[in-house]
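Pasting a structure below so you can have a look.
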Amino acid sequence: MKALEVQGATKRFGGLVAVNNVSLTVNQGEIFSVIGPNGAGKTTFFNLLTGIYAPDEGRIFLFGKDITGFPPDRVAKEGVGRTFQNIRLFGAMTVLENLLVGMHVHIRVPYFHALFRTPLAQREERRAKEEAERLLAYVGLLHRKDELAKNLPYGEQRKLEIARALALKPRLLLLDEPAAGMNPKETEELQAFIQRLRAELGITVVLIEHDMRLVMRISDRIAVLEYGSKIAEGTPEEVRKNPRVIEAYLGKGAAGGAA
Amino acid sequence: MLEQILSILPQVIFDGLVLGFVYAMVALGYTMVYGVLELINFAHSEIFMIGAVVGVEVFRYLAPQVPNGFLLLLIALLLGGAIAGATAILVERFAYRPLRKRGTTNRLVPLITAIGVSFILQDLVRLIEGLWHNEFFLRMRTVEDLEGSFDLFGGAIFVQTKSLVLILVSMAMLVGLTYLVNRTKLGVAIRAVAQDLQTASLMGIDPDRIISRTFLIGGSLGGVAGVLFALQYTTVNPYVGFLPGVKAFTAAVLGGIGNIPGAMLGGLVLGQLENFFGTYLPILTNGNFGTEYKDVVAFLILILILLLRPQGLLGQVVKEKV
Amino acid sequence: MSLLELKDVHTYYGHIHALKGVSLRVEEGEIVTLIGSNGAGKSTTLRTISGLVRPRQGEVLFQGKPIHRLPAHQIVALGVGHVPEGRRIFPRLTVEENLEIGAYLEKDRKVVQARKEEVYALFPRLYERRQQKGGTLSGGEQQMLAIGRALMQNPRILLMDEPSMGLAPVLVDFIFEIIQRLNREGRTILLVEQNARLALQIAHRGYVLATGEITLYGLARELAENPEVQKAYLGEG
Amino acid sequence: MSALAFALNLGYLALAFLAPGALSNLFGLGALLYTAFARLSPNARALNLALLTLAFTLNLQRSGNTLGLIGLVGILVALTTLPKIPTWVRALLGLAILLLSVPIAGFANTFIFELGIQIGIYAAMALGLNVVVGMAGLLDLGYAAFFAVGAYTWAIFGSEQAKNFLQGNFPLPGEYMYLFMGIAIVTTAITGLLIGLPALRLRGDYLAIVTLGLGEVVRILANNLDHPINITNGPQGITPVQRPPIDGFRNLMAHLGVPLDRTTDYQLFFYLLVLLMIGLVVLVNVNLANSRFGRAWVAIREDEIAARSMGIPLLPTKLLAFMTGAAFSGVMGVIFAAQRTFVSPESFTLLASITILGMVILGGMGSIPGAILGAAALTILNLDILKTFSEFVRTSFPQLPSQVDPAKYERLVFGLVLVLMMIFRPEGLIPERRHRAEMEEA
């Protein structure tokens, strides 16, 4: 089953073609990485997938359903969770509340029930809270649940952002540079964590990442963007040996030296 | 009815032009500050009002001393522009700058401050006028030189001298501003700060200074517009800035906020539309809906533009950073 | 006395401790490179030097004088030029205006004119496009403009943040040749690069930054051969 | 510490007895601040607050000085915000202030009732605006428009005005007011929808100016819809507007041993009605703040893009906040019209909108006790302190021109409140925790 299928997606800003006719397919249960030099259009590509931008051309299918042009909230409802390159938590809310916001679409309380806090509303809130706490325990942040998100150390903020995306119960998880700013040990933990997500929750993961070691170890397949275009796609082994990738990503001088 | 409409059309267009130039000048102040700080400077309405009040006072006190009406107006324009500009600088220095230094990211904070400043200025002027004359509803003194009139196109348009002066002065100011912004070092610096404040500081530009200058320029233009407004429409009070202010903002949005030629164009277009509706609405509805609905028209235009073309007539779509 | 020296600099963004005691120095005439993964604090280091963010602790000395309390526009005046990440050219100013604003502090029109000609000589492409708006340039041209704009200040040190970002390889090579040429002409350069291999090739010395701390430093040649650096930043292993 | 607080409060009680008035009340406010901020044991604090309640009540009853009302509201705030006070003390003391202290003072001095009702109406509206500005972060500068729609909804049908365009028996009997409170919820919510649907698509600062414009449009309509069909009676306004019959209420009070006369019966009735409304509004505020909707509003306020990525639809969620706030304002408009028996466009100017905004800002955006304190402080300032100050100025400086009358400078005062708060304490006097966290980040 194809979790994600992108057909010829293109996005222009004025004269600049940020994403140029990119097609790719991610299979269900895969961990798929998108790499490329800074400014190659990776984040814009994510923003197309999540509906922040509508593509100028091309189509996007999620588990066979055409979601081209869906606004971000509808894409989220279809089961796409995401994190951001520069962490975007709700800083003035507690850790637990951040997760409850993530569960927004799964808390089924009609407005008038919320207004008067009816038994139904109380029940649903309690259930959501328990679920959020379970999730926090799962990612190891339960002891932080009443702290303000902005007061968490950087590494835990990254973790919380992933947890918030998981609260959406996504079928597809998009991670934008999850290892940025992490030291090697934290990166290794992150790798184990992502692999656990797939194994235990069956979530398909697409990530943008700069840390090549992480990418090479974790990915089933990799797509390489340069100048908004896809220049290669394949297993880590294939991508590593692709001369175009070596040239684009590692610099010309690197071609000879790469292992 | 059509005949009636057509017969007064030239006059309606001319009067709309007069109003449009006032809006254009005030709109520039909004658009320049918005361009630099992304702040709707509500207090700009009051800067305009201060210009109008200064105009009235200069005419009140100097008319007997200065025999020449044009010279009198020149003094009023200079003083009105200077006092309004100085007020604008003070407002920036003591109300907006502290917020900027604190680095508040909440966008409501400067906006609420601006509303507060606007209220303070209204009542301060009222207080001053109350102490001075025990009266704050002011009337512009008429001066003979400026009250003359003549007909154009065989009587199709009735032109008052002061309207003509208003148009000429506004045009001169607008040309001057365009030159300043496009051709001088200060102008380039203002545009640089507006586009990217941080990078501008990497060029050795002191953003505070440029922001201050921007308020000075916008404020002086607003003050000059106020003097001309007082001359043209004769009644002035501390609350007279509110409606023209909101409309001038509408004009700025209409032209594309932050865009200087846009503000001029927007002001002229809005002046035409408002005068058009104000004159013809009673005729078209047989007097059921009077001139008073012209303000409603202005607001509806504002909403329509914001919905249909939020970047305005001359504005560009800017990529949002995610 | 070093031209530029950072002593135990700590910088915060809100609650995030971005630089945790960075110390480094740059001597007159050097190319020094700062490498490290995304988010390690490379840009923050440059932004701290040029006054865009203020360190909470530590000192930044330029020609022996502390500058970490000065606002950015005064630091520029001392001779610190900054080519920011993502070029940050002024999109609605023309190429010519972008260059002229670079020499904002220079009062003498003749000097400005002369520098402009030097920049045009270095980047003939910019001369061809001088009446075009900055926003309409291609990525490579924008990078040239950003460098040219900083050169208009005639800085004593040039801070360059990721000049290769998003550029085609042929252009990257061109920009790096320019950097070397500027250095040969006597300019001191502090270069931040994600393309560590290339940066270490042209630099004299280098520092490795990881999560806000300097973890390694030394001659560029030695760093390039260091197995840890190779593993972490040169895509091997 | 405990001894000092006790001494201070006893001292104030004595003062209230011996020399009731503004000066002793100022002393009392000082004592209250000390009691609230000094380190006291929960029991000592409860006892001292009770003492203060007694003293403020006494002072208010004897002197009618309205600072005493601020004191009482201050105690209420202290009761709701200070930690570790036993719940039964909070409830008992709170009810005593609302149901005993204020009415006792009101019977002695009807101005206190009038003030209490005004504070209540404004407080309920401030709480409504709090949902819009405080929770959802939408700067609505035309909030008085909804107040107007609610007020006119009842004024037109609760007077002879409706005869101008409808067949039927007008005015409707007073008891229809209750029905119209419900109808006003619907009409104002629809108005909110009509205004919000275009306005809420816009970025924050544009929203401010558009709501300001639309607020002005509603006022212009109220001012001019006396022709071609006379709906609003234009600038003259509509009067008399029916009040609900209160025979049952009078009997009930008589049974309780509270004899009412012609001047105080409606005042007590409206006072209690307003209290009831505030209770309801507070309840709804709290419920919403802790629901998925409240969290969604805060999320949108903090980061629209992140919020949307959590599946929160922008426009519907914002509309919900806008309409909720509008409905609160509308209901209070109905009560306002009935209580005053008079409605005119003058009550619904930009100044009214800014006044309510000022209350929210002063108290602290998002903060429920803050909104109530803000409403009390600004209403008393406006209706009493400025007027008193005016008299003082007039008698002390008779040579000053009549235009320099402090009572006419409410804009200056509200403007100063807004600017000073934004510069020095943007999170308000009683900050709500999320807003405090937001304002902290530099």
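Here the chain labels run A, B, C and D in written order, and each chain numbers its own residues starting at 1.
Basically, a residue touches a chain if its C-beta (ideal position, glycine included) is under 8 Å from a C-beta of that chain, and two chains touch if they have at least 3 such contacts.
Chain labels with UniProt names: A = Branched-chain amino acid transport system ATP-binding protein; B, D = Branched-chain amino acid transport system permease protein; C = Amino acid/amide ABC transporter ATP-binding protein 2, HAAT family.
Computed from a prediction, not measured in an experiment: that's the story for all the values here.
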The larger set of C-beta contacts, choosing between B-D and B-C, lies at B-D
So the chain most remote from chain C by C-alpha centre is D
Between the Cα centroids of chain B and chain C the separation in whole angstrom comes to 43
On a C-alpha centroid basis, what's the spacing between chain B and chain D, in Å? 36
Approximate Å spacing (C-alpha centroids) for the pair chain C, chain D: 56
Using mean CA coordinates as chain centres, what's the chain A-chain B distance in Å? 48
Going by residue number, chain C touches two or more other chains at 14
What parts of chain B, by residue number, touch at least two of the other chains? 322
Within chain A, the set of residues that touch 2 or more other chains is 14, 52, 84, 150
Interfacial residue positions of chain B with respect to chain C in the complex: 185, 188-189, 191-192, 195-196, 198-207
Touching chain D in the complex: which residues of chain B? 38-40, 95, 98-99, 102-113, 115-124, 126-127, 129-131, 133-136, 242, 246, 249-250, 253, 288-290, 292-293, 295-296, 298-300, 302-303, 306-307, 310, 322
Flag every residue of chain A that touches chain D in the complex, lowest number first. 50, 52, 71-74, 76-77, 81-82, 84, 88-93, 97, 100-102, 104-105, 107, 109, 111, 114-117, 121, 125, 128, 148, 150, 164, 167-168
Quick check on the complex: what are the chain D residues that touch chain B? 133, 137, 139, 141, 198-199, 201-202, 204-206, 208-210, 212-214, 216-217, 220-221, 223-224, 227-228, 305, 350, 354, 357, 361, 365, 400-404, 408-409, 411-412, 414-419, 422-423, 426, 438-439, 441-442
Help me check something: in the complex, which residues belonging to chain A touch chain C? 14-16, 37-40, 150-151, 154, 177, 179-184, 210-213, 226-227, 247-254, 257-259
